[in-house]
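The first chain written gets the first letter, and so on, giving A, B, C and D; residue counts start at 1 in each chain.
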Amino acid sequence: MNHRLATTCSALVLPLLGTTTGAAMADSLPMRMNSNITEQQVLNAQQGWCNGLLAISKAYATGGFAAAEITASRILDQAYGYQYGAVAFKPTLTQHPQTFRGTKAGALAYFVGGNPSYPNDKGFAIKPWQKCAIRNQVIQLHGDLAITMGNVDLIDSSGKLTTVDKTWAFLREPDGEVRIVLHHSSLPFTAK
Amino acid sequence: MNHRLATTCSALVLPLLGTTTGAAMADSLPMRMNSNITEQQVLNAQQGWCNGLLAISKAYATGGFAAAEITASRILDQAYGYQYGAVAFKPTLTQHPQTFRGTKAGALAYFVGGNPSYPNDKGFAIKPWQKCAIRNQVIQLHGDLAITMGNVDLIDSSGKLTTVDKTWAFLREPDGEVRIVLHHSSLPFTAK
Amino acid sequence: MNHRLATTCSALVLPLLGTTTGAAMADSLPMRMNSNITEQQVLNAQQGWCNGLLAISKAYATGGFAAAEITASRILDQAYGYQYGAVAFKPTLTQHPQTFRGTKAGALAYFVGGNPSYPNDKGFAIKPWQKCAIRNQVIQLHGDLAITMGNVDLIDSSGKLTTVDKTWAFLREPDGEVRIVLHHSSLPFTAK
Amino acid sequence: MNHRLATTCSALVLPLLGTTTGAAMADSLPMRMNSNITEQQVLNAQQGWCNGLLAISKAYATGGFAAAEITASRILDQAYGYQYGAVAFKPTLTQHPQTFRGTKAGALAYFVGGNPSYPNDKGFAIKPWQKCAIRNQVIQLHGDLAITMGNVDLIDSSGKLTTVDKTWAFLREPDGEVRIVLHHSSLPFTAK
């Protein structure tokens, strides 16, 4: 990038002006600002989601429900964008009329259970998850928002593999923070 | 909007300058450009998706596979953003290893079937659909990109209702065209 | 907005389903997230720039250079996006080879002067400014970024009016903070 | 990019699953869509602006006013975003009350003159320009919108150099077209 611009400089500007001033063509020009999310930030945020899931699971195993809930609440604040408004969240195992979890309370209930307002939630994240890996099929970059679609593979302590179809959208703040604003997870379709 | 700006004008500028020139405060100022997608454009595009599905179904009923394929191809060009790159498309009824349809060919096979490269595709859009309605749970606006999540209700000629969980992202071009770049559809989870 | 969606609901969904459940059509649906900057946020940020200029001027009048510099530094952190990278800043009265102020240090020198690295800077903001008003000619909204172009009218303690041609771009963070990332100011052209 | 993702694949997914299927890890995954403007597209669009200016100048030299006007109109359609709404355009040599050219008609008058509604316009682009070069000080990337600030150097047939301070914003359509939506040009400030 710098190389190309340096070339542009010598090829176009210097012959035109007929003089060279080192100061005017400092290596650091042009200076830059870039508010786009990068693919690496997306991959890091996905890995962060896996790490968060495993952290909640481990907190439950070692500290019980209270520890899991504290961990999950912290992870939701960090990894999801509920502070921006309604997150589009369709978890894997939710049902009508509580399919969608546009609020943090609904997301927390899904991850750790124990909320009488969400009686069907058993706590997805407190299962004994051991491994979590992501296989991306599509990555889209749209400014500070990225969309990913693919599979997530989860393995529990008994070695059982669960694969889900997963769509995320991540929003990057100008300060570099990246948060999930869309999460649609579903079990693979199986023909009967 | 104009009212507020007119107020700003009289309150701040005119007292400051001490003179009033009608020409300088023309009703048409400030002039505007707005490249954001609107909620109405999103609702129209969703309705367009329903209309497209019903159009493919009707084309099949009246003209058979060939007519349905022509209609579907045209609708895909119009309503989906495959010309921009990979669309993140997880249809309702697809299975590994052809779950995701990042290309137009894969989307077309799903909608009308008949493509030996996608042997499990029966043609979702050629079923005898009669009605299609959308219930939004979340609408997000991010510049020229909008995300929606909710349900789509489909009724076929026998009166059978099929409800799916549906996520879309729509991208608006500066010229006003709106196309789907993300589509994740899944059957509702049912506890066994 | 709610009215239109309620209409959509009753017109499309309820006849389709043939039943009505109040809970399913809660007034609060769809829930929303909107990361776009609004015209009101733009107008507020412009007014904030004027207020900041007058605050630096007043700090200088009452507390001298040290007070002005502290005030200007705080305003730059708050109102400009130097923490995101290089701000595109061409102040009204700067000259080659220090025309552009991509760093906070260069902006601070322009506003208050007193920096030997910028010997031509006399301190634009420490002049005895009394009034500051903005007349927008164009406002553009592009997601979380807005562009404005127009005039700014400044009046000093002697009653002298200075008008400049002014372009700004404002970037909104998801948390609602709005900062200047582009500022091009120039004296009106006068034919000789 | 592909290399990194391939590494991610082998490091995370394959050990987890314990099996390898070539088909599932095709080299082409993930597929991508990217609606961001690139720095190269920005540099090309800048060069396109220079080329357009020289083309109008040449059309005038060889074909007179009519040829220049046709050329300028075509270049404005191609290079500026007037079809999207009001372009924020402050040309170098315009004066109150016609400083800003939010419409194509105003821009065309500035470039070629000859419009009685803009009596001060002499036709900036029909001067005998021979060379045009751009020196960027700041480049910002914000999704499909890019901002540049720096200098443009123009040399006419007599060898006279004119340097201006120049800010542009470019908007990229999803189909790859890039157009100017902001253009603020000003003569360098000179202390009296």
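Keep this in mind: a contact is a pair of C-beta atoms (placed from the backbone, for glycine too) under 8 Å apart; a residue touches a chain by one contact, two chains touch by 3 or more.
Treat the numbers as computed from the prediction; the structure is a model and nothing was measured.
Enquirer: Select, from A-D and A-C, the pair of chains that is joined by more C-beta pairs in contact.
Expert: A-D
Enquirer: Which chain's mean C-alpha position is the greatest distance from chain A's?
Expert: Between chain A and the rest, the longest centre separation is with D.
Enquirer: For chain A and chain B, what's the span in angstrom between their mean Cα positions?
Expert: Result: the chain centres lie 23 Å from each other.
Enquirer: Centroid of chain A to centroid of chain C, CA atoms only: how many Å?
Expert: Whole-Å distance between the two chain centres: 30.
Enquirer: Mind pulling the chain B residues that touch 2 or more other chains?
Expert: In chain B, 24, 30-35, 85-88, 102, 137-138, 140, 142-144, 148, 150, 171, 181 touch at least two other chains.
Enquirer: What residues of chain C sit close enough to touch chain A in their complex?
Expert: Residues of chain C touching chain A: 23-24, 30-35, 81, 83-88, 97, 102-103, 143-144, 171, 173-175, 179, 181.
Enquirer: What residues on chain B touch chain C, complex-wise?
Expert: Going through chain B, the ones touching chain C are 1, 4-5, 8-9, 12-13, 16-17, 24, 29-36, 39-40, 43, 131, 133-144, 148, 150, 153, 155, 161.
Enquirer: For chain C, which residues count as touching chain D in their complex?
Expert: Within the complex, chain C contacts chain D at residues 85-90, 92-96, 99-100, 102, 120, 137-138, 140, 142-143, 145, 147-151, 163, 165, 167, 169, 171, 181-182, 184, 186-191.
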